[in-house]
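As written, the chain order gives the labels A, B, C and D, with residue 1 at the start of each chain.
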Amino acid sequence: MAHPALMKPPARREIGADVYSEKLGMWVFLGSEVMFFTALIGSYIILRFGSPEQWAAPGQILNIPLTAVNTFLLICSSVTMVKAFAAIQDGDQRLLKLYMLATVAIGAAFVGVQAYEYTHLVHAGFLPSGYSAGSELAERAAEGLLPVSVGVYGSSFYTMTGFHGFHVSVGVICMSFVTWKAYRGAYTKEDHRGVEVVGLYWHFVDLVWIILFTIVYLV
Amino acid sequence: MSWILPPGASTFAGDIDFLYYVILVITGIAFVVVEVGLLVFAIKYRARPGRKAQYIEGSIKAEIIWTAVPAVTLVIIGLMSGGVWNHIKGRNSIPPNAIPYEVHVKQFEWNFTYRGPDGQLGTSDDFIVRNQLHIPVNRPVELQLIAEDVIHSFFVPAFRVKQDAVPGMDIRVWFEATKVGEYEIACAELCGLGHYRMRARVFVHSAEDYQQWLSDRAAAADEE
Amino acid sequence: MATSAVSLEPAAHVEAHELSFLRKYIFSTDHKIIGIQFLLMSFVFLLFGGLMAMMIRWQLGFPERPLPAGQLLPETMAPGGILLPEFYNSLVTMHGTIMVFFAIMPLLVGVFGNYLIPLKLGAPDMAFPRLNMASFWIAFSAGILMMAGFFVEGGHAAAGWTAYAPLSADPEWTGVSGGQQIWLLSIAILGLASIMGALNYITTVVNLRAPGMTWFRMPLSIWALFVTAILVLLAIPILSGAAIMLFFDQTIGTHFFDWTDGGQVILWQHLFWYFGHPEVYILILPAMGMVSDIIANGSRKPVFGYHSMVFALISIAFLGWVVWGHHMFQSGMNPTLGMTFMISTMIIAVPSAIKVFNWMGTMWRGNIRFHVPMLHSVGFVAMFVIGGLSGIFMASTPVDIYIHDTYFIVAHIHYVLFGGSLFAIFAAVTYWYPKMFGRMMNSTVGKVHFWLTFLFYNMTFFPMHDLGIAGHMRRIYDPSQYEFLQPLAPLNRFITVSALLLFTVQILFAANFIMSWFKGKKAGENPWEANGLEWTVASPPPHGNFAKVPTVYRGPYEYSSPLVEEDFLMQTRKLASDVDPAAAGP
Amino acid sequence: MSDGAAHAQPKYWTIWAYLLVLTVVELGVAFLPWTKEVQLLVLLALAVWKALLVALYFMHLKFEGNRMRIFAIAPLPLTVIIIVAVLTEYVW
């Protein structure tokens, strides 16, 4: 962590929990993240119950193969993240750096694929406010091949996946920072809190995607 | 200043007012006990030199008593309220002989739709009266509240009736007036700029007057 | 991993004396400075909120007459000094918003959470001091943003502090677009600050307690702040999520709350109140906790039934999550759900009753010193009881049909938030003022302020019950529009005059607060002869709080203990019979 | 986490393989001609299974103390309460 000189020990007692403060703090923060996604995902479930006619069948509008690739990417980045943590637990600086770099790269790739997905959806005429007038999707809806209106479907799709993408982006930024510090040799076998804490966040983001992928794309 | 409810004019008033007075008495007793207790303690145990407070950490017995007494009282109030609630707002509480009305609510007016001579809602001889609800006495009426823009709330203080009108929801409210007369309808949910003047009237007629009024109105509507 | 070496030390300890003014008082990471920053900020907002209340009251009491000095307001708000209905709606909205989010909540959670948690637990600072600083500045920015809303075109948000959709969702219905969007953004930003604060408090309480400070030796104020932090942590994100959805409805044309395209109007209410009811407890639990501390100190007795007080706090926090529907009894919600919520609401009144009786039990056979904090605390109990009892009327669904959205509700919420929380805040500020600033507040002025506030407060809010019973709706600009409200005009005028007096006497408090800062009697370490850890250090405490890690030997309420001569026994005082906690383990 | 050496490193690549296989199964199930309800239940079960794998192994909940686990699962009942309560609008 910080410069060793700054770690002067006015012995901080941590008697309450068996974990150090940064990790506890991250778990506590994840609790609030759970509630934030509850607001979004809960609204999605409720709105979908209320207007089932707005939801197109899986794959009709959304690109499942593409997002399956994205799911694959995120799972891979989760495992590289945890391998980075395992590496520094063993004190292996080289593997730590390698795996951190891989995680950052794959995370960034996820964001890229999502941007690509969004561009295509918007281009096809699927917007947060529903179909765009005169678009390809709107025409197919007029032919009766798609739901007549997808207003709230579009709203919840973009808001949920958008906020997940935002969390991924924040994760990539934080992990880049951790990687940079790893290159400066800030983590040791004894003290590698930063790696573990950012890892917790990253796995949480992965976990949310697992839920989202199922309920948004596959159901 | 008065804690007496204003006179009621519907069948709900009896039940609701009774519950209100029951709660008023119960909370009144609790209020007096606590406030007088505080006052007495404040005077009796005020600091005096050379005295030390008694070291008491608590009493399980006391805790049990003042957990159980409020709990039992409150559950009883809850059960008493439950029956009345179901009678007024329960899913199947609307009496079958209720006269149906549609109320189209928008900023800042109430449009009451009446059945025409054919006795059916939703037919071409229905007519609308703005901001005036005419109903017969001693006969349940059922209002379907259809909000067209934002949430409004149908409130007739004298009838002890209040129900939000929510856009996109099928909302029905019923009541039975018991006194002939004229009462005010208010909007009870902030609905914008003109919320404070979103006022209408309800006229309760005797059965004959109501029929008379209805046929006059239908005839007038016909001529238009 | 060894636990002693871990932790990001607030490195500043060592170099405290070299800090620049900016680092020491503005961008400080010291929890005490941050607490005081929150205190000053919230007092300013309390003043704003109060001024808005005065304008609202003037309009209700004297609908036809121009507001005194109302000509100073721009034409878009009050031409000729007469409030416009749209400005009135903004005032109603912003009075609620400011008081709830920027006055009471930061006063209780921001000020005392920051100030008391490390001091009372024997920690040098919060677990994450820099996060703590960021939390304040984010909250501060949210406040500035919120006030800026008054100056945008179309005026400030005017859909009530509950911002019910669709009134809030579409500018068409209120004529407000920019104001409402600023409102939503500001709330979301404030949410971020609150979450940062809450996770700091939770981590600190769990991890940074001094040796011997076991869970059941924590003062009730800390228990309450801890439970509150959990509520903040879990409730605020719901509001943030909902606010973001509503913001998107306003800006990019989504349809979450738009019933014409698959959205649902009532979803907003569910989300809002799912946050909103825990929020109600966020606004009262810390007050309860601090009042418990002060009543024990004033009565020179242990808190009656300490454990049941703790369990009452916890059960309030739990039950607080399953009662939100009682705000929506008349909203067209499933009536069966209404029954469920009625029962849960009835049950949640029980722990509140337990607390009231325990406070009385604490005073019983005490040796009560009526210092100013104690006066305010007893006032708190007396007023909170009224707020609690009037809640039972609303909990009963049939009675709620009549009193819902009337002044009865307004009376209830003010008995809880003003009579409750604000009296507790007056108590707590006076009680910890000597610790914060090293000087005592003037006690004569304090007593006069208490009695006048108590009197005018009751004259203002008690008659509101009667307005409600007569059917007077809330949030209406001009009650004279309704025939059945016209006889209430004299009562409305009486309330307005009382409210103006109530507002005026707060000058006493403000003057006392400011004057004592410079001229107050110097306070020693322990002016109230209290037991807590914060009273073992200098007033104000130095950066890092404790020169040596304190050791705790007992609970916080050992007043008039038979073990010692004096009538207080500090938590850190080692008696011959005490065992060192290090040996006993945590 | 007390110390890394106390337990052997979990087999992260095995977990990874599990996750991939489960994802493929999910994709398959989504396009099987089953009734909607069955499909929904199976898909949700698979998603929960995957989420549990991530939480237990990658986030090390399996190896944490009970206090930590309580922290982690504390918000979950709250997520269920709001969704179930609001859904009663439709099914009751």
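Convention: a contact is a pair of C-beta atoms (placed from the backbone, for glycine too) under 8 Å apart; a residue touches a chain by one contact, two chains touch by 3 or more.
Keep in mind that what you see is a predicted model, and the values were worked out from it rather than measured.
Asker: Which chain pair has the highest count of C-beta pairs that touch?
Answerer: If you count contacting C-beta pairs, the leading pair is B-C.
Asker: How many angstrom between the C-alpha centroids of chain B and chain A?
Answerer: 48
Asker: From the C-alpha centre of chain C to that of chain D, how far is it in Å?
Answerer: Inter-chain centre distance comes to 37 Å.
Asker: With chain centres defined as C-alpha means, what is the inter-centre distance between chain A and chain D in Å?
Answerer: 15
Asker: Would you kindly tell me how far, in whole Å, the mean C-alpha position of chain C lies from that of chain B?
Answerer: 31
Asker: By the touch rule stated above, which residues of chain B touch at least two different other chains?
Answerer: Residues of chain B never touch two or more of the other chains.
Asker: Scan chain D for residues touching two or more other chains and write them down.
Answerer: 1-2, 74-75, 78, 82, 86, 89
Asker: Where in chain C do residues touch two or more other chains at once?
Answerer: Touching at least two other chains: 1, 234, 238, 263-264, 266-267, 270-271, 336.
Asker: Examine which chains touch each other and state the graph shape they make (line, ring, star, complete, other).
Answerer: Graph shape, chains as nodes and touching pairs as edges: none of the named types, so other.
Asker: So in the complex, which bits of chain A are touching chain D?
Answerer: 17-19, 23-24, 27-28, 30-31, 34-35, 38, 42, 45-46, 49-50, 58-59, 64, 68, 71-72, 75-76, 78-79, 81-83, 86, 89-90, 196, 199-200, 203-204, 206-207, 210-211, 213-215, 218-219
Asker: Using the touch definition up top, name the residues of chain D that touch chain A in the complex.
Answerer: 1-2, 4-5, 9, 12-13, 15-16, 19-20, 23, 26-27, 29-31, 39-40, 43-44, 46-47, 50-51, 54-55, 57-59, 64-65, 67-68, 71-72, 74-76, 78-79, 82-83, 86-87, 89-90
Asker: How about chain D: which of its residues touch chain C in the complex?
Answerer: 1-3, 74-75, 78, 81-82, 85-86, 88-89, 92
Asker: Using the touch rule from the top, collect the residues of chain C that touch chain B in their complex.
Answerer: Touching chain B: residues 85-86, 89, 92, 158-160, 164, 166-167, 172-175, 259-260, 263-266, 299-308, 330-332, 335-336, 338-339, 342-343, 346-347, 349-350, 353-354, 356-358, 360-361, 363-370, 378, 381-382, 385-386, 389-390, 392-393, 395-399, 401-402, 404-406, 463, 465-466, 469-471, 473-479, 481-484, 491, 559-562, 567 of chain C.
Asker: Which residues of chain A touch chain C once you look at their complex with the stated criterion?
Answerer: Listed in rising order, the residues are 1-2, 6-17, 20-22, 24-25, 28-29, 31-33, 35-40, 42-43, 46-47, 50-51, 53-54, 127-130, 149, 151-156, 158-159, 163, 190-191, 193.
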